[in-house]
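Each chain carries a letter (A, B, C and D) given by its place in the written order, and its residues are counted from 1.
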Amino acid sequence: MADDQRARVAVPRDRDDDTSEVAAAGRRDFVREQTGVDLHHVGSYDFDPAVTAGNIESFLGVAQVPLGLAGPLLVDGEHAQGEFYVPLATAEGTLVASYNRGMRVLHESGGARTTVVADRMQRGPSFLFPSSREARDFCAQLDTDFDGLAAAAATTTSTGRLLDIDRWVVGRRVYTRFNYSTGDAAGQNMTGKATLAACEWLRPRVAAMESYILESNTATDKKPSLANTMLTRGKRVVAEVTVPAAVIEQRLHTTAQAMFDARQASIHGGLLVGSFGNGSHPANGVTALFLATGQDAANVIESASTLNLTEVRPNGDLYYSVTMQSLIVATYGGGTGLPSQRECLELLGCYGSGRVRKFAEIVAATVLAGELSLGAAVVAGDWVSSHDTYGRNRP
Amino acid sequence: MADDQRARVAVPRDRDDDTSEVAAAGRRDFVREQTGVDLHHVGSYDFDPAVTAGNIESFLGVAQVPLGLAGPLLVDGEHAQGEFYVPLATAEGTLVASYNRGMRVLHESGGARTTVVADRMQRGPSFLFPSSREARDFCAQLDTDFDGLAAAAATTTSTGRLLDIDRWVVGRRVYTRFNYSTGDAAGQNMTGKATLAACEWLRPRVAAMESYILESNTATDKKPSLANTMLTRGKRVVAEVTVPAAVIEQRLHTTAQAMFDARQASIHGGLLVGSFGNGSHPANGVTALFLATGQDAANVIESASTLNLTEVRPNGDLYYSVTMQSLIVATYGGGTGLPSQRECLELLGCYGSGRVRKFAEIVAATVLAGELSLGAAVVAGDWVSSHDTYGRNRP
Amino acid sequence: MADDQRARVAVPRDRDDDTSEVAAAGRRDFVREQTGVDLHHVGSYDFDPAVTAGNIESFLGVAQVPLGLAGPLLVDGEHAQGEFYVPLATAEGTLVASYNRGMRVLHESGGARTTVVADRMQRGPSFLFPSSREARDFCAQLDTDFDGLAAAAATTTSTGRLLDIDRWVVGRRVYTRFNYSTGDAAGQNMTGKATLAACEWLRPRVAAMESYILESNTATDKKPSLANTMLTRGKRVVAEVTVPAAVIEQRLHTTAQAMFDARQASIHGGLLVGSFGNGSHPANGVTALFLATGQDAANVIESASTLNLTEVRPNGDLYYSVTMQSLIVATYGGGTGLPSQRECLELLGCYGSGRVRKFAEIVAATVLAGELSLGAAVVAGDWVSSHDTYGRNRP
Amino acid sequence: MADDQRARVAVPRDRDDDTSEVAAAGRRDFVREQTGVDLHHVGSYDFDPAVTAGNIESFLGVAQVPLGLAGPLLVDGEHAQGEFYVPLATAEGTLVASYNRGMRVLHESGGARTTVVADRMQRGPSFLFPSSREARDFCAQLDTDFDGLAAAAATTTSTGRLLDIDRWVVGRRVYTRFNYSTGDAAGQNMTGKATLAACEWLRPRVAAMESYILESNTATDKKPSLANTMLTRGKRVVAEVTVPAAVIEQRLHTTAQAMFDARQASIHGGLLVGSFGNGSHPANGVTALFLATGQDAANVIESASTLNLTEVRPNGDLYYSVTMQSLIVATYGGGTGLPSQRECLELLGCYGSGRVRKFAEIVAATVLAGELSLGAAVVAGDWVSSHDTYGRNRP
C-alpha cells in the first residue's frame, strides 16, 4: 500500500466519534472520492447527527427502511390493553399485509391475551481454578457471597438488580449466568458493567481463582441457544387466542383441523432437521417491529424463537398460543431514542420508562397475528399467489 | 366496537397497495388522529413512495437507521479483491469502532482470504402417503422424475435452477428440501414458486400421494437449524487470516495464545448451554451490513451462525477462520433496490447482477474483522471500558 | 507403589488375549486375592472362554443378565413376516410386561407394518489444507477420485461398499462422512479399515493435503447427533400401525385422542428442554433386544432415537408410527455369535447372513409396541401402579 | 389367527410374574416348540430364578455377556480412594485393552482426581390451565406450596427428598422438573411415585388446574437432552488428570499437542454435525461398567454424554478432564442385587448403601482412561491396527 493510500485510509477511522454534520459530510465526500458513489439518499436524514452520539461511530448517514402500518391489533394484556397500530419496517412484500390479516383475525376473536411470565438479562463470566475441586467449592461460595456480589453489581447501575446466578462446573472451569432485572433497558451493557464490578469484588476473595473471563458464551448474546429457551433471556411472554371456527373459515379460508395438521407436519419437520423452536415465521414480525422501534436487530436471533402450542377444540375453534422465551426489548436506551424510532414507540404508547412489558406484550401479540396468517396461507394454498400479488415474485 | 371505530379501522388495511404520497400522508394523519403522535421523522424520506411498491404494504414512511463507515477492509477473495469501505447500520455504540479495529488488523495481516464453498437455496415441501412403504417408493421416484421436476420448476424462473432434492421418510410422510441455485437473488420467493410448479407437475404422476404442503419447516427459513449448517442455505463462505504476533500485540494488546484460550472457554461454554455455532458476535456485523444494503434482516438468524476455527502457530501468529454456513444475501431484488440501500451496495461495487458472491465474501471478511476485535477485547479487558467510551453504558 | 504391588498390577494386563480357562480362573483368583470378593456367579458361564476371542481381553467371566420373553409380535414387514417371540434382557421390572401388552395391541391391530428406508454406516475422516481454497478443491476431487477411493476401500472388505461421501469445509479443514453399505455386520470396524485404505490411497494424490485424521467426530459413533438423524447411520426403519378404537379402549383403557394429546404435551416438552427425537422410551426395548442378541449396547445411544408421528382418525382409531433413523444392528460379527446371544438371534430367525434387515424390522416393531403401551399408561394413570405391581418401587 | 394359535399365544403372557424354575423351563420349552431353537445357553444360569422377581417378567434365562478385567485404576476421589480393578462387560474386541492402557497412563500420572459436583434425579409432570395467566400463577404457587409438596412426596419414600422444582410456562401448559435426591438408588421409580403423591396432594389446591400428566418428556429419561446437561440428571462428576509429557510419549506414542489438535478437530466436527457433548467414546466404558454392575443400560444414553476440556501445559504435559453431566447410577435396587452384578459391585467395594458417589467417581475415572487411550490411538495411527490385533476386523 502506497503512502498516499495510507493517508486516505485514515479518514473513516480518525475522529470516529465526531458526530458533527461537517464530519458526516466529510465521510460522504471521502466515499465519493474513493468509490465514485454519491451517497445522496444516505445523506438525507432530517436530524442533527449529534443525536447519534453513543449509537454509532463514523456516522455517515442513514438507511431509510420502509415502514408499513398494520392494525388495529387488539391486545388483552396486563400491560398492553386495547387497540394498537403497529409500525413494521421491512422490504419484504406481503409481510405487512399478512400480519394485518392476522390482526384482523385476532380482533374478530376478541384480541390476543398476553402474559409476561419471566424477565431477566444476563452476562456469563467463567472462572478458572487449579482443579474441579476448587471449582465446585467456588460454586458454593457464590451463594455465601451473593449479597456482596449483588451490592458490587448495584454500584454500577440504578435500575439493574442481580437476581441469581446459574453455575456449572466443567473440568476446572466454572461457567455462570449472572441474571439481572434491567428495568426498561434491554440491559446487555448494564449487565456487562455490573458483572465486571461483581467479579472484581469477588476476585480477591477467592484465593484459588486463577483467572476469569467476563463472557464465555453462556449468556449467548445474539446466538440461538437452549439456555435462552430454558433459562429465559429478556422477556418470556405468551400470546394466545381462541379463534372461532367461523372466523377461520371467513378470514382464513380453511379450518382449525387443517391448520393443526399442517402445524404437526411442521413440528416434526423441524425436529427432523434440528430447528430451534417450532414457529412458522416469528422472525418476520419481530424484525419488522425491532427495526421500526430502535431495538437491536441482531437480537432478533434470540427473540424470534417461539414455541407454538395449538389445539383444535371440539366445536371447531382453534386455540393458538405463541410462547417467546427470550424476547429482548427496550423502551429506553440503545436506539429507542433516535428520531423516527422514538416516534414509532410513541405511536404504541411505549416510549420511556415503565413501558417495556407493555411493549413485550405488543410484540408477542403481533407475532401471534403473523403465525395465524401464514399458518393459514400455507394450508389454503394462497401463500405463493399472495406473494405474486404483493411481492417481488418476478425474477 | 362502535361503527365509527370500524370506519377508522379500515384505514390501514384498505388500499394497502396504494404507494402514492397522498396515501402515505393519509396514513400518517390517521395515526395522529388515533394516537396523537406526529410522525415527523417517519415521514422524512427523500424518495417517491412509489419506489416501495412490492416491498411493503400500507407504506407509512421510513425508519432512519444510522449508518457508520468502516474500512478499508482488505479482501483477498475470488470475487472481491482489494479494499472496501463498509457501511454498517446500527444503533449499538462501539460496534462500528470495533469492526473498524478488526479491519485494521486484517489490513496489517495482508487481508482476509475469502472462499465461497457452496451456494443453494431451498423450499421444503412434505408429502403424505397411505404408509411408509409408498413414502419410500416416492423418494425413489424423485430421482426418476428429476428432469421433469427441474423442467417444471424452470418454467417459473429464468435464473433459478433445481440442483437436487434432500428427502426423508418419517412415518407416512416424506419431508424434502428442494435445493436451487438462485443467481443474485436471495431466492426464497423464487424457490417457493418453482417448487409449487414442480409439486403441481408431480402430483398427478404419484397416484399414492394423498396431499402435500409446500413448506413443512425443513427449509427452516429465518430459523436456526442444523439442516442449514449441514446442508447449506444460501452461501457457504470461509474468511480466514493469519495475524502476525506483532500485530496482535500492537493493535489488540494481547497474544495469540490468550485469544485462543478464551476461544476454548467460549466453545465449551457454548456446548454446555446448547448454543448454535461457536462465533463471538457474528450477528452484529451481519445485521449492520444487512440493514445498510437492503438484505432481509430476518435472515440474520441463519446468516449469523458461524463456525470459527483458530490455531496458534509455533511462531506466535494466530490463524483465525470464520465459516458461514447459511449466509443469505442478494444484490438484486428484495430491498436491494431501495434508494439508500442501493447506494450502500454500489459503495461496495455490489449492486446488480453477477455480484452476489463478491458481496458474500465482503460480509464474511467483515465478520472475521469483528471476531478478531471482540475476541481480543474480551481478553484484554477493554470490552466494558470501550463501551463506556463509545456507547450507552449510562443507565 | 511398592515393588510387590507393581508385580500384582501386572496380572490383569499381561497376556490379556489369553482366553484359556486357566487364564480366566487365574484372573478370578487374582481378584479374590486383591479384594476378597469371590466371583462365583461371574465364573458360572457354560462355554469355553476361547469363544470370546476377538470379543474381549482379560476375560474374567460373564454378567448374567435376566432375559424375559415377550410376544408373539406380529410383523408385516418386507423382511420379517409373521409372529415372533422376542427375548428381552433387562433388570427393570415392568419392562417385559409393558412391551408384551403393546405386542398384544399390535396383534389385535393386524400387526406392525415395517419398512426399511435407508441403510448406511460411516467413518468420518477430516483433512487439513493450507487454506479453505485448497479445502474446497479437495471436496471436488472426492468426486473425481470416487472410483479409486471405492476400489481402495474394497480391498479391505468383501461385503462393504463405499456409497458416497458427505463433505464440509470448515476453515482450512475438510470434514467428511464416508458412507458404506455393510451387509449383515454393523460395520464400524469394517468402515474404519476401508476408510483408512481409501485415505492412504488418496494421500499421495493430493499434494496440498497437510495431514488427515481417520475420525473427527462426524461419524458420531455412540453419540447422539443430528447427522445421524438427517444422514442416517445404520438402518432407517419405520414401524407403523392403525390401532382400532375398540382395541385402545379394551387393552389400553383410554382413547386415541387422549393418547394423542399426551403425545402433544411430550413433543413440546421435549422441544422445550432440548431433547433428541420425540419418542417415549424407545431405549428400553432397543437396549433389551440389543443385550439379548449380542448387539453393541453402546450403540443404543444412536439407535434409540425415534421420531414418532401419530394421528387420530375421524373414526377414533389411532395411527401410530415410529421412525428410527440410526438403528445399528448386526446378525453377524461382534457379539452376535456368542452362545446365548446366538440362541436369541436364532429364536428370531435372524442369525447369520442376509438377515439384518429382518432383524431391524423386528426391533422397530418391538419399539412400536413399547411406545403404544407406555403412551397409554401415562394417560390411563396406571404407570406408577404397574411399577408397584411388577417392579421395584419399594425403596 | 386360528384358535389353537391363540392358545399358544397365551403362554409367554400368562403368569408372567411366575419366577419358578418350572415356569422358566416351560417358557424355554414353549420357545423350542414354536421355533425349534434350543435355548441351552440361555438356560444356563446358576441362580434360583426367584431372585429376578421385581426385575423381569416372563423370565426365560440369561444373556451371558463376557466380562473383562481392567486395572488397577488409581482414583484420587473424595469417595473413591486408591486402586480399583474394574469389570467391563462387552463383546467389542479391543475395548478392555484400550481402557486398560488408559488406566496405566492414569496410574503413571498419579491417578484420576474425581469430584462429584451435583446429584439429582427428576420426574417431569406438566399441568394444563385455562390460559397462560393461571399457568404463570401456578408457577408461583409451587413456591408457596413447596413444603406441602415435599411432605407429600416424602410419604412415599424414606430415602428420596424433593430438592426444588424447575418450571416453564408454554402456552397454557406448565412444564416442570421435580428434582430429588435419591440416596443410593438411581431413583426413576422413586421419583415417579413421589411426584404422583405430590401432584395428587396439589390437585385439589389448584382450582384452575384442568388436568396433569405425570411425565411430559422434560425429565428426558433415557433420552439425550440439553436439560440433562444444564440441569443435571443423576450425578454430575468430573475426572481429571495431568499426564506428564514423558508418559504420553512412552505409553501413548504421541504428544500432548498432537492429542490436543485432534481434539480440536473433533470438537468442531461434532459442532458441525449436531453432536451432543464432545467426548470421544465415553459410551464404551459407561456401557461396559453398567452391564457388569447391574445398572440400567438404557441410561447409557444420558450417562455417556461428557464435556471434555483439555489443555497443553507449557512443559508439554496434558491436562485432560471429563465432565459427566447426567450419570445415572445405583448401588442399591434395580439390577444391582442380581448375583453376578452384585459380585462386580463388591469387587469395586460399591455394593449397598452409602456407596453411590464412590461408584460414580470410579465410572468417571474409567471414562477418563478410555478418552486418553482412544484420543492417542486416533493420533498415533494404531487405532485400526489395534482392532486388527484384538478385535473382529475380519469381515
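Simple rule for what comes next: a residue touches a chain if its C-beta (ideal position, glycine included) is under 8 Å from a C-beta of that chain, and two chains touch if they have at least 3 such contacts.
All figures in this text were calculated on a predicted structure; none of them were measured in a lab.
Asker: Please state whether the interface between subunit A and subunit C is built from the same residues or different ones, using more than half shared residue numbers as the mark of same.
Answerer: Subunit A and subunit C contact each other through largely matching residue numbers.
Asker: Between C-D and B-D, which chain pair is linked by the larger number of C-beta contacts?
Answerer: Contact tally favours C-D.
Asker: Could you state the distance in Å from the CA-based centre of subunit B to that of subunit D?
Answerer: Going by mean C-alpha positions, subunit B sits 41 Å from subunit D.
Asker: Provide the C-alpha centroid distance between subunit C and subunit D, rounded to the nearest whole angstrom.
Answerer: Chain centres of subunit C and subunit D, defined by C-alpha means, are spaced 16 Å apart.
Asker: By residue number and range, which residues of subunit B touch two or more other chains?
Answerer: In subunit B, 168, 170, 173, 226-227, 229-230, 267-268, 272-274, 277-278, 307, 309 touch at least two other chains.
Asker: Could you please specify the touching residues of subunit D with respect to subunit A in the complex?
Answerer: 78, 113, 115, 117, 131-133, 135-136, 139, 168-173, 226-227, 230-231, 236, 238, 240, 274, 307-309, 319, 321-323
Asker: Sort out for me which residues of subunit A touch subunit C in the complex.
Answerer: 226, 229-230, 264, 267-268, 271-274, 277-278, 307, 309, 311
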